[in-house]
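Here come two complexes built around chain A, the first alongside chain B, the second alongside chain C.
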Partner chain A sequence: MEELRTGVYVCMCGTNIAKVVDVEAIAEFARTVPGVALAKTYKYMCSNPGQEMIVQDIREHKLNRIVVAACSPNMHERTFRSALRIAGLNQYLLEMANIREQCSWVHADTKGATEKAKALVYAAICRVKFHEELESVSVNMCPNVLIIGGGIAGMTAALELADAGNQVYLVEKNDHLGGNLARVDLTAPYLYSARDLLTERITRVMEHKKIKVFLNSTLRELKGFIGNFTASVSGVNGTGDKTAKPEVVEIGNVIVCTGYKEFDASRVVHYGYGKLPNVITSFELEKMIREGNIRTKEGKIPKYVAIIHCVGSRSQEFHSYCSRVCCMTALKYAHEIKSANPGCYISDIYIDMHAFGKGHEDFYRRSSEAKTLFLMYEKDDRPVIHKAEPKDNCEMLIEVNEKLSGEHIEIPADLVVLMVGMEAREDSHEIARLVNISQDNEGWFIESHPKLEPVATTTDGVFIAGTCVAPKDIPDTVAQARAAAARILARIAKEKIEVDALFSEVNENLCSGCRLCNTLCPFSAIEFDEIKKQSHIISALCKGCGVCVAACPSAAIKGRHFTDLQVLSQLEGLLAV
Partner chain B sequence: MATRVNPEFIDDLDRFGAEDVKMCYQCGDCSTVCPHADEIFKFPRKSMRLLQMGLESKIETTLEPWLCYYCGQCSEQCPREADPGETMMSLRRWLISRYDFTGIARLFFRSRIAEIAAIIIIALITGAFLLYYGFTGGNIGIYDGEGAFLPSGFIHRFDLTVGGILLIFLVINAFRMWNFTMLKNTSLKVPWWLYITEIWQFPWHFFTQKRYAECEQKHEHPVYMPWLLHLGLMLGYVTMLVLVMVFVEALQSGPEIIWEVHIFGYLASAGLLAGTIYFIRNRLRKNYIQYKKSHGTDWVFVILLTIIVLTGIAQHVLHRTGVYEWANYLYVIHLMAVVPWLLRMPFCKWSHLLYRPLAMYFAAIRREAVRRQETILNNYPVFVK
Partner chain C sequence: METNRQKLKMAVYWAASCGGCCVSVLDVHEKLFDVVAAADLLFWPIALDTKYRDVEEMPDNHLDLTLFNGAIRNSENEHLAKLLRKKSKILVAYGSCAHLGGIPGLANFTSKEEIFKRVYHESESTINPEKTLPSPVCEVKEGTITIPEFYDDVRSLSQVTDVDYFIPGCPPQTERLVEVFTAIVTGAELPPKGSVVGAGTRTQCDECIREKTENKQIKKFYRPWEIADDGITCFLEQGVICMGPATRSGCGYRCIKGNAPCRGCYGPPAGVPDPGAKMMSAVAGIIDEKEPGEISKVVADIADPAGLFYRFSLPVSLIRKKVS
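Right after this comes the complex of A and B.
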């Protein structure tokens, strides 16, 4: 083995680290450790001069191991790895000691913090000694894409990808495209026709040479890993050609845009939905508006229409989240009903008016101008709907504690519209299982980072977009669909995909074929070779979490970059100071 | 018991001038800026809310619209251009029509044509009656004394008749107001003797209009100008009313000037003239927010008042200068304007002369009742609470 020449770099992070930890003392200490060739401090190690200093030192002093004592590796490990690459050193010969988040930010006592930082740095020096040179692997990227769900999100993503010349398979459970948007008349706040938005997309999708649409179909199975999936698609039971055997397609990426379903209004007993004939849901009103005939069950034109917000949303009992589109949709109804029956009076019974989007506040203002009567109720103090007496001259009376006036009031209504919220589809767990993504406790699919990775999932090659992720409006849905398409196009353009070298490997000489690891792997990355009777890890799918390493009874699995030797020497180093 | 919302009420109030109340989203800026709003009387926000919801039975029990003198600060601050000041004005118009049991006020506020037609008819009847009386018993060339066209004794009886009719309406309306705002409002128990201890509030506010002086009319210079002119107009009007009802015989005699009577007439005329010119000018210029929107009835009010003041002064001057025939004709025209003006009073905005100080009196009683209730509660032994 060549002579060990470790370079230790202690960052001050401006004053973030230096004001609590004595960085000079740490550098001083590091120089005394055997195998350390040099130790330096610097104001901002991540800055260009900081990195250049490391590159130059590697070249001049023939360093072969680097320890950077700075912030969390989540923040700057990539930065320093690239510095190593530039200097011609394998990037995995780096170890970071986190003396900011784990030291200076959480301690006030300089002496104690400095001692702790020394321990962390010493542990890193001990560990980096056993680091191995690793190489990333690359796999082929199949340019075909599978899209699940033919709503506005699915169609938008499909067109984006197919227009760039890639084959797209679009799977839709129903016998037509359009999803929930196809049930809507106009859209808020600009009152564009939903039909106009959809017709053009549907025609283009159906006629596109590069898009194959599977109607009345669902995904049956998804095998493989990023760039190399195999999906089988077959007809839904009861519809389509169910005798036909599943069609198998080769794909590189998947976008899930399965949308939402509306909340079942009969669950809120206060509103008498299903019992009172003139209490209807927003989608039932959409149907009336599309037919151009807003009437009560008795066939009369309603004089008083009440719209109740947050049905199923923003309540501890049902869903705690806001469904985001209902407020503006309710205002849209006020406009549509008023323009159909100008003599009609609209009461809009809400908790809070969420008018956050572009043009929304203005739309709210215009609704006031059109004399919509806004009445506010307290979150957990829902209105109650009663049947009215003949002398009341209306069908129903809605009793509510009006929050802005403090008055207990009753509102006359001939027609009550319940703004039902969005909820995850009942079959979403099935999709989640098939494509191996997670769901939150409400059933929405979880993105890999809520802010920075809104359309990616923890499974590489599987993207999510639209209202299957969380309630959102049309612009946000379309933006997500295009974002997912853009992410996939960027990968297709590279033709190959780099896979991080941090994956686990099975030592075939030791594996007994017990298959314990196969079921434990959270990423379905371990397959079983029936001929050899041994397990095999697909490196492209493995995230290096280490579950299999810990579980293997024969110690046959090695986590690359997290070998027993590396981890144990780090622990010994930590406890030695 | 739930109060029934009347969604159509807002349409009705449109006719009374509250067309912007629909824009209100209850931020409360108006109540914050108002120098008169307090813990017990929260306005304009609360009044606007009651109006939007059409809670008529609640609105008719409120005194709040009368506690507002319309300085316009709230309308300037309003972020939604909901014009709270004009809304309070409209509520006053609506309350006037509510206190009036005949329905005439409601008709006048909602239809300018009906109002003008009524004024013209009353004026014509008055004119015809006076001319008939004058030509049958008197001489058009004689203004005063023996054989006068309109003898002062007759005019006195005529005035008292008109005044009596006016008084009947006003007393009934005042009782209705008391019934709505104090008796029907059961939320508070008011001890009867508070009506006696607080009685001074009525004349105090009637003659000083102290609360109007407290309005912060930031754009007017000097700031007390609107208050001063309003006070002048009101005192002029009341003085004239007293002169006409009690001293008309002395007032009409001449041609020499009886200073101890006429000086009051001159001062009152000056007050009326100054006030009228000021209000016409501002309504035409629309320079301050409270003059931006003039309801039809506001114009009828100033035009009629102008005619009365000018013909009153003219007939007086003609009488003193010996042009008796023209003095008599102008006197007839003057009375043709005065009679509809007086008879119109219970049905128009001018009735706030009575309602506002009454409201101040009732409000003081309610405030005192609330204060007493709180003191009693606070002083009760703990086990009783």
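Right after this comes the complex of A and C.
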């Protein structure tokens, strides 16, 4: 091994670190450790001058290992790795000691915190000694894309990708495209026709040379990894058309846009849905509107219509989240009912009016002016629906403890519309399993970062868009679909994809094929070679989490950058000071 | 075997051991004639009436080969380990106890004090009203009596002296011993110092022909007698903990062939610093429960986990001994 020349850089982070930890004492201590060529402190190590200092030192002092004692590696490991690269040193010859989050931020006692920081720095110095130069690998990127779900999201993404010249396979479970939007009449707040939004798209998708649509079909299996998946698609049992036998396609990326299903209103027993004939759901009303025939079960034109918000949403009993689109849809119904039947009285019974989107507040104002009666109820004090007496001249009576006036109000209704929220589809678990993505407690697919990576997932090459991620309206759904398409287009343009060097690998000389690791991988990166009787890790799928490394009873699996030697020497260092 | 070649000078010694290793040497059966034709056994307490003094009087490096079995439990074991090291060109840690600390090493879960208390004060067969305890030096009217000092913990051979090779097993398979012995006698090129010899580089699973699938999802662990083993399926898949995945091959998976799970006597393959911890984390990975309470219930079915996972390797493991 070449002579060890470690550079130790202790950051003050302004006063974030320096006010609790004696950074000079740390540097002085580091200088006494064998193999440490120099140790320096600086106000902000992550600043340009800080990084330049490191780059210059690496060149001038021939440093071959770098320890940066600063913040969490989550924060700035990339920054300092890049400094090493610029200086011509392999970027993995760096180790960070977290003396901010794990030290100065959680301690007040300078003496103790400084001792702890010394131990953390010493541990890093011990570890970095055993760091290895690692190179990332690159894999081919197949430009074909699989899209699951032929709603507005799936079609938008498909057109975006296909228009750029890429082959798209669009898999739709039903016998037609359009998804949930195909069940809608007008859209809020501008009252555009959903049919107009969809028809043009459906036609283009069906006729597009680069889009192959599989109707009545589902994904059966997805194998492989980013850039190199194979998907098998086959007809839904019994209804399979020409695509009934499984078809295998080669793809590089997947977008899941499987949408939502509406909340089952009969679960809120309270409202009598299914028992009272004129209590209907928003989608049933939508159907009447589309047919131009808003009537009660008895065939009468309703004189009083009551719309109740948050059915299944914003309730600890059902779904705690807000379904986001129901408030504006309710206002839209008020408009549509009024324009069909100007003599109708509409009551809108709500918890809060969520009018957060572009044009929504204005839409709310216009609805208020159209003499809709707004009644506010307390979350846990739901309105009560009774069947009316013949003398009441209406079908039902609704009792509401009106929150703003504080009064107990009774209103007539011939038709009650329940604004049912969105929920994850019952088959979402199956989809999640097939494409290897995660779901939250409510069943929504989980994005890899809720703010910065809204359409990516923890499985590289698998994206999510639209209402399968969480309730959202059409503009947000379309934006996500286009975002996912854009992410994929950027990857296709590069033709190759770099895979991080921090993956785990199986030493074939040591693996005895016990198969203990096979089902543990959360990224399905481990495959078993039946001929060699050995397990193998697909590096492009591996995220280096280390589960298999820990589980491998024969130490045949090595976690690159997290070898036993590295981790144990770090521990020894930590305990030595 | 050639007889005109200079005969090998050899010793076999037992420290803290059960005697099984020495018996395994005798298990060469008629090959023993080949052994004695090729080697002079100068020191072998189980079979020959030689004294420690005979060894002490040998010049350094007088012995070509010493097979040292047993762990280091007391000062006598340590003295002989160091003495035989000095007198031997090749010192082999022979068997699990010398290699890893072995069964006697399980005493590291307790202390000298606790062992003495149990053995000399509490045990049902002991009457000791004076509460006498063994003492290394004892004055009686005839003079001074000394006995070896009982240490607080057990160590493997390499933890007290420099070891050339390790032959694992409880006891080592005699066939492996013959192979190693033959290699030394015939002057074959020996592996690098510190190697484990007479064993494979992979694990039991490499040789084991039981059917292994990825279906290792366990909701309940069983002791071997609690299930009707089908004789075909991997023990782990039947919920029986088999140390095979964390244990070096070389014995010919004899326990498993006899329908008993591997107990781990061949020790870990290279690169495993702590086979007990390794096997525990492997087993943790196959528990098919998500809730902590449910997981605890499954784990509770594992009888004597410390003794199970560290049966042979406690003194060389990371935890090594109980810290009082």
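As a convention for this text, the second predicted complex is superposed on the first by the 573 of 577 C-alpha atoms of A that agree within 3 Å, B and C clash if a C-alpha of one lies under 4 Å from a C-alpha of the other, contacts with A are read in each partner's own complex, and residues count from 1 in each chain.
What we mean here is this: a contact is a pair of C-beta atoms (placed from the backbone, for glycine too) under 8 Å apart; a residue touches a chain by one contact, two chains touch by 3 or more.
It should be emphasised that the depicted structure is a prediction, and the values quoted were computed from it without experimental measurement.
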item	value
Clash-or-fit label for the pair chain B, chain C on chain A	fit
Inter-chain angle, chain B to chain C through the CA centre of chain A, in degrees rounded to a multiple of 10	140
Contacts of A:Phe374 with chain B and chain C, given as first, second, both or neither	first
Touched partner set for A:Glu407, first chain B, second chain C, both or neither	first
Contacts of A:Ile385 with chain B and chain C, given as first, second, both or neither	neither
Which superposed partner A:Val254 touches (first chain B, second chain C, both, neither)	neither
Chain B versus chain C as contact partner of A:Tyr345, first or second or both or neither	first
Contacts of A:Cys322 with chain B and chain C, given as first, second, both or neither	neither
Which of chain B and chain C A:Val417 touches, first, second, both or neither	neither
Chain B versus chain C as contact partner of A:Ala551, first or second or both or neither	second
Nearest Cα pair across chain B and chain C, whole Å	48
Chain B and chain C contact sites that coincide on chain A, given as residue numbers	none
Touch list for chain B against partner chain A, complex	1-5, 7-8, 10-11, 22-26, 46, 49-50, 52-53, 55, 58, 80
Residues on chain A engaged by chain B in the complex (per definition of touch)	304, 345, 347, 365, 368-369, 371, 373-375, 397, 399, 402, 404-405, 407-412
Chain C to chain A touching residues, read off their complex	201-206, 212-217, 234, 236, 244-246, 249, 268-273, 275, 278-279, 281-282, 284-286
Chain C contact footprint on chain A (complex, rising order)	509-520, 528, 547, 550-556, 564, 568
